[in-house]
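See structure below.
In this document, chain identifiers A, B, C and D correspond to the written order of the chains, with residue numbering beginning at 1 in each.
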Amino acid sequence: MAGKLDLDAAVVARARELAARAGQPVVDLARSHTTVSVERAVLRLAGVRGADPDGIPWVNRLVDAVRADVGLEHGVAVPVFHALAGSGVEDVTVLAQKAAAGSVRFSLPSGKAATTARRLAKRATAAGLRTVDRRRAERDRMIKRYGDPRQRPWIYLIVATGDIHEDIPQAQAAARAGADVIAVIRSTGQSLLDYVPEGATREGFAGTYATQENFRLMRAALDETSKEVGRYVRLTNYASGLCMPEIATLAGLERLDMMLNDSMYGILFRDINPIRTFVDQRFSRQIHARAGIVINTGEDNYLTTADAVDAAHTVTVSQLLNEFFAHEAGLADWQLGLGHAFEINPDLPDSFRLELAHALLARELFPEAPLKWMPPTKHMTGDVFRGNLLDGFFNLAGALTGQGILLVGMMTEAVVTPWLSDRDIALQNVRYVLNGAGNLHEDFTPGPFIRGRADQVLSEAIGLLERIVDDGLLNAIADGTFGIMKRPADRGKGLDGVVATGADYYNPVSEEL
Amino acid sequence: MIIRPYGDTTGDGMVQLSFTLPIPHDKRAEGAALQLANRMGMDPAMLVHAKQMGDGYTFFVVYGKVTHLVDTDQVQVVERDFPLLSAKEVNAAVKRGLRRRLSVVGACIGTDAHTVGIDAILNLKGIAGEKGLESYPELAVTNMGAQVSVPDLVETARERKADAVLVSQVVTQRDAHLHNTRAMSAAFREALPAGKRPLLIVGGPRFDELMAADLGVDRIFSRGTTPREVASYLVHALVGGSK
Amino acid sequence: MIIRPYGDTTGDGMVQLSFTLPIPHDKRAEGAALQLANRMGMDPAMLVHAKQMGDGYTFFVVYGKVTHLVDTDQVQVVERDFPLLSAKEVNAAVKRGLRRRLSVVGACIGTDAHTVGIDAILNLKGIAGEKGLESYPELAVTNMGAQVSVPDLVETARERKADAVLVSQVVTQRDAHLHNTRAMSAAFREALPAGKRPLLIVGGPRFDELMAADLGVDRIFSRGTTPREVASYLVHALVGGSK
Amino acid sequence: MAGKLDLDAAVVARARELAARAGQPVVDLARSHTTVSVERAVLRLAGVRGADPDGIPWVNRLVDAVRADVGLEHGVAVPVFHALAGSGVEDVTVLAQKAAAGSVRFSLPSGKAATTARRLAKRATAAGLRTVDRRRAERDRMIKRYGDPRQRPWIYLIVATGDIHEDIPQAQAAARAGADVIAVIRSTGQSLLDYVPEGATREGFAGTYATQENFRLMRAALDETSKEVGRYVRLTNYASGLCMPEIATLAGLERLDMMLNDSMYGILFRDINPIRTFVDQRFSRQIHARAGIVINTGEDNYLTTADAVDAAHTVTVSQLLNEFFAHEAGLADWQLGLGHAFEINPDLPDSFRLELAHALLARELFPEAPLKWMPPTKHMTGDVFRGNLLDGFFNLAGALTGQGILLVGMMTEAVVTPWLSDRDIALQNVRYVLNGAGNLHEDFTPGPFIRGRADQVLSEAIGLLERIVDDGLLNAIADGTFGIMKRPADRGKGLDGVVATGADYYNPVSEEL
């Protein structure tokens, strides 16, 4: 799939360089701050488990207690392990319970005590990271044994009943019917919870909560199915929202394979504070890098609020930024499921060829990344017959432009969360297109229209990046550059969970990553 | 067992419905569409799409929950009430039971020219990996082809001393298949006394298998029939006590 | 007027239906599918497609004639019972009738984050070529955005002395939109005495406009609403005797 | 659309030459025979109208009477006009009525009487041909005024309610919704009627009879609609079956614009005698040539009984034969709507690319012909959602390969004759594909797979033509070469209506054409 557009290498290099310059100040910001969720993620790796009777996880109670006593600018690790050492308690979870009950107080040790606390913290979190490493090795083994999907793009299907025990058979059925990747989408609102719910979900709204237990149950079920179908079936969830770092951690601990994880989605679509988001995403990506998880970014969402033609270059800019942030956090190219979508108004003349131009541009800008190709949603209507047709052309565009991960569109997109039969019809659609026309790229040689459009989008992207370099990324976000959502850096949810780190900030996990 | 339609949760009762009403599109038309959905037992019914076609018609798509229950114990079907035999067994049964070849006459009657279905049953080539009745040495098959008139069919059946007459009907507009089948069975009743009448079989993709008595035939075969099923039935009905 | 669904001939009554039953595919399952179609009033019903999904589910497509009639005179709809005003007329009516700006507070409540619909009504940009309520000089609009909690909404409405509160709900799984709307209207009833309560309006693509009373709101707007309709309704309900 | 396959011109020329050699003996046969329907067509042009109280047209009664008295080997024209001159009756229809009542007898004049009869016959039929010419001029004027469709392919839609008064509003609605060509399909069984029914049809089965009155009513309605939509809407019917020549004549008289008319369809799919068919088709094509009517051939049908991959070359062979017969009968290339279809099993790997290969081969073999591209039918099922998808890919294949006439597929193909809503959904499908991807041919450059397949089909076609040249076309047809239907030359319906012409055979119409 090399070079159908003949992009000018110098122009591409310039775009990357601009993205790095635009992104660097934000990286610096992320390096100099921590958040409550980053600290909770550290504690999760250190072994704190479970929740209080109200469902508030002990990691939250513990971080709150530490913060109340000594603040977070030093990190939780040292005060917690100092307290552990001094309390005679063996288990960090028990310590958290005591702290919540007010029977433990935290302080900052110095000298030898500090060194001991660090050593203890490091040992505890290293155990957590070892579990993550074991899971990754486990995945590698299973892929070796069962194999990868036989075709590209990989077929990605969503389940969303709100009940994990209903989700499981549906996910298994989907995998048997051909899905390579299963995503359990989350209940509405989880993004804004500043804690990760516990246990198996029986009643979510338009999705099922991301919990460690749900992850475990679904992964185990899909391991069974992988064996049955002779192909490793991947599991996806969302490291997004106020608990990005923790969910990434749980994903690593439970061997999830892909995670939705975007550098700006939470800011734009959940009104989460920009700094909170940038700090959280950096840590969560470091975890993903370690866990061998493929991230999926969220540029597709911009095209649900902005126009897919007018805003095409904002997708490109965001992909370049996501790439820069991801590399900085240690992710390799094969882990970058950069997002984009088939969202052009289908009534527009040459709409399909414009889609091809956009999709091919992404493909050729990021040749090693397993791009995530999202189906039409905005222009889907209750006319389900038309919907199935649009999804077919979306599938074709995916095959023609060599996309890596094909999120399967549902004819009922504008109606309901997918029914069992919708998924079956959708998979049949994908199978027909990939089987009958999957090799059509051999006969696809973009002409002047498609090449011209791709060049235009790339040059608009460079223009926008230049402006961002001048004005600063935070200001660009505040101005509504992405998805027409205006998000100033000093507003948004979760800001009070952001803390500038002190000189003595210690995070045993970051050190390792 | 009592069950309900399944959208994405057990018992949710969800179904999809589409239809056209002969009225232009406006709020009242949408209300009329919902009224129909309600009368069909959908409650709540969500009107998710409405599109006017020409001046006076509107197409609707409705999703919703049906209140009806399905009782699988009350389901009536024509279950196969005879053993499915291999070609070898069929031939052996005919040889032993009849001591002569069994004569089969097939045709598409009326103005129907869709022979692919009857050919699938009769011709060597067969369908779904099974050879057609012509491949059975003990069956004497006459395939009259398409657009055969009922008198010609009766005549040929008489000539060939047909044990069974196989008729195909594919076109169903204005119930053509039902009219033609009734005309055919009436003609045989008229032409031949009860004992002399061949077994009457009709087939085609849109028949309701429960209607045999109503149409005056012995058996109906519908979508996806294979030659072996028909051969086995012939043995069961004409040779009897086989195996 | 009495009408029937239209396939290709007046009065033919034809409709298309699809659904899943939680049973594996066999003849009995097909019978069960037809039983459901019959209970929904389809007679005759033609089962034209059946496909097993996984171990225990089968998807069906059924075509056929419904016996129900549609009586357009019995249709209940919420017809627009107020004049559709131009932006100019709206502003003039508010100025004259209220002698102050009319205060509107809008939000997506609960966990719903779909702001495109409410933004279409409120923001300058508008929809379908009509500018949103922010563009009306005589309307003072506060758009609270998404995932607003009901207490926050009540608080803001009080602060801004809202004449009208506009709430959007798009997610409908497990009737989230109905639960959230009921919770919202109850909160306003609790927080404010009858005379002081703002006009409560909800909107979203899957609402049934007939349910206003049931949900405790003054008006419901559904698919395809435009800002002008909402503005005109505000004048009608809050300013009265305009024009 | 020139030369994407780079077909070898010498090979193409060889194929045409073989087709001519295979077809010539059949042309000779056609030239030396007449049929009852050819003679009835002559009488229709000469002005015989109407039917007896049982619905049997007076042309049938008259031809039967002539045949009984003097046989048909001389043609009906001379005995009929000789009798007319002698009977004192002015009107040929009245003569026919008298003949039917037995009050006129026919004989063969000689000498001057014969010359007079010929002159009278010629005058009468010339009047009929003048009407045909006027209709053609009328069409040209209307096309000038209202214009041709703005896009290729032209969009061709079927109506089939069985009631002309229900067909009319449906046809008009279809035209308003974008149809460029309306076909009223015929009631099942009309092919085998050895007369043309009279009057307006109120109850046909799965179609509406082809009658002069139905033609007139529908053409008038579409003239109105043409004016309304500012685009000349074409009308199609079927000159097929036992009355090919007469229906062609009626089409010429009522300004139909296209006619289904194949050289072998009646033989293969209606079991009509081969010689009857070849004689009839030649005369009917002469009429079509004169009337400026585009014919549509029926190769698509072969693929409903034979396999579309295995039998692809039989389609090519039949197209070459149809072309040869058409040219011989005076039709120009622009009048050759050669048929082919999207009927490959969609489960076959690369099925869509095979379709492209076949469709492009037809396109490049017949660059000037407005190919008629037929939708999937055989592999359509009751799964209407899948059906709409297949139709979308059919539409795409049509656009990619530059087809001339696109017969719009219906998602309910396997279920019912099209409903109003099916047609609307189907047109929406066509519009989406042509609007969004209609120019994709610009980016379509067939690779080795498609080119290889096209070459293979062409060489198989040449192989088959060589065998046909050796064995004779009639034997090939008897052997089941086309559509796996075996049709010996001495069997089939309508054989008794074929008559070898004598040395004095006179046909005033053939002379003119």
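Brief remarks on what is shown
We take it that a residue touches a chain if its C-beta (ideal position, glycine included) is under 8 Å from a C-beta of that chain, and two chains touch if they have at least 3 such contacts.
Keep in mind the model is a prediction, meaning the values are calculated, not measured.
The interface with the greater count of contacting C-beta pairs, when A-C is set against A-B, is A-C. Of all chains, the one whose Cα centroid sits at the greatest distance from that of chain C is D. Separating the CA-averaged centres of chain A and chain C is a span of 33 Å.
For the pair chain A and chain D, the distance between C-alpha centroids works out to 60 Å. Between the Cα centres of chain C and chain D there is a gap of 53 Å. Chain contacts: chain C has residues 6-7, 10, 14, 16, 18-20, 46, 51, 57 touching two or more partner chains. Residue numbers of chain D whose C-beta contacts span two or more other chains: 160, 162, 383-384, 414, 416-417, 419-420, 425. The touching residues of chain C, when paired with chain B in their complex, are 1, 3-7, 10, 14-23, 27-28, 30-32, 35-36, 39-41, 44, 46, 57, 66, 68, 70-72, 74-79, 206, 208.
Those residues of chain C lying in contact with chain D across their complex are 6-10, 14, 16, 46-49, 51, 61, 63. On the chain A side of its complex with chain B, the touching residues are 160-163, 166, 170, 381-384, 412, 414-420. The residues of chain D lying in touch with chain A in their complex are 346-353, 356, 383-386, 388-390, 392-393, 396, 411, 425, 428-429, 432-433, 435-437, 439-440, 442-450. By the touch criterion given at the top, residues 162, 169, 172-173, 176-177, 187-189, 191-192, 203, 205-206, 269-271, 304-305, 414, 416-417, 419-421, 424-425 of chain A touch chain C in their complex.
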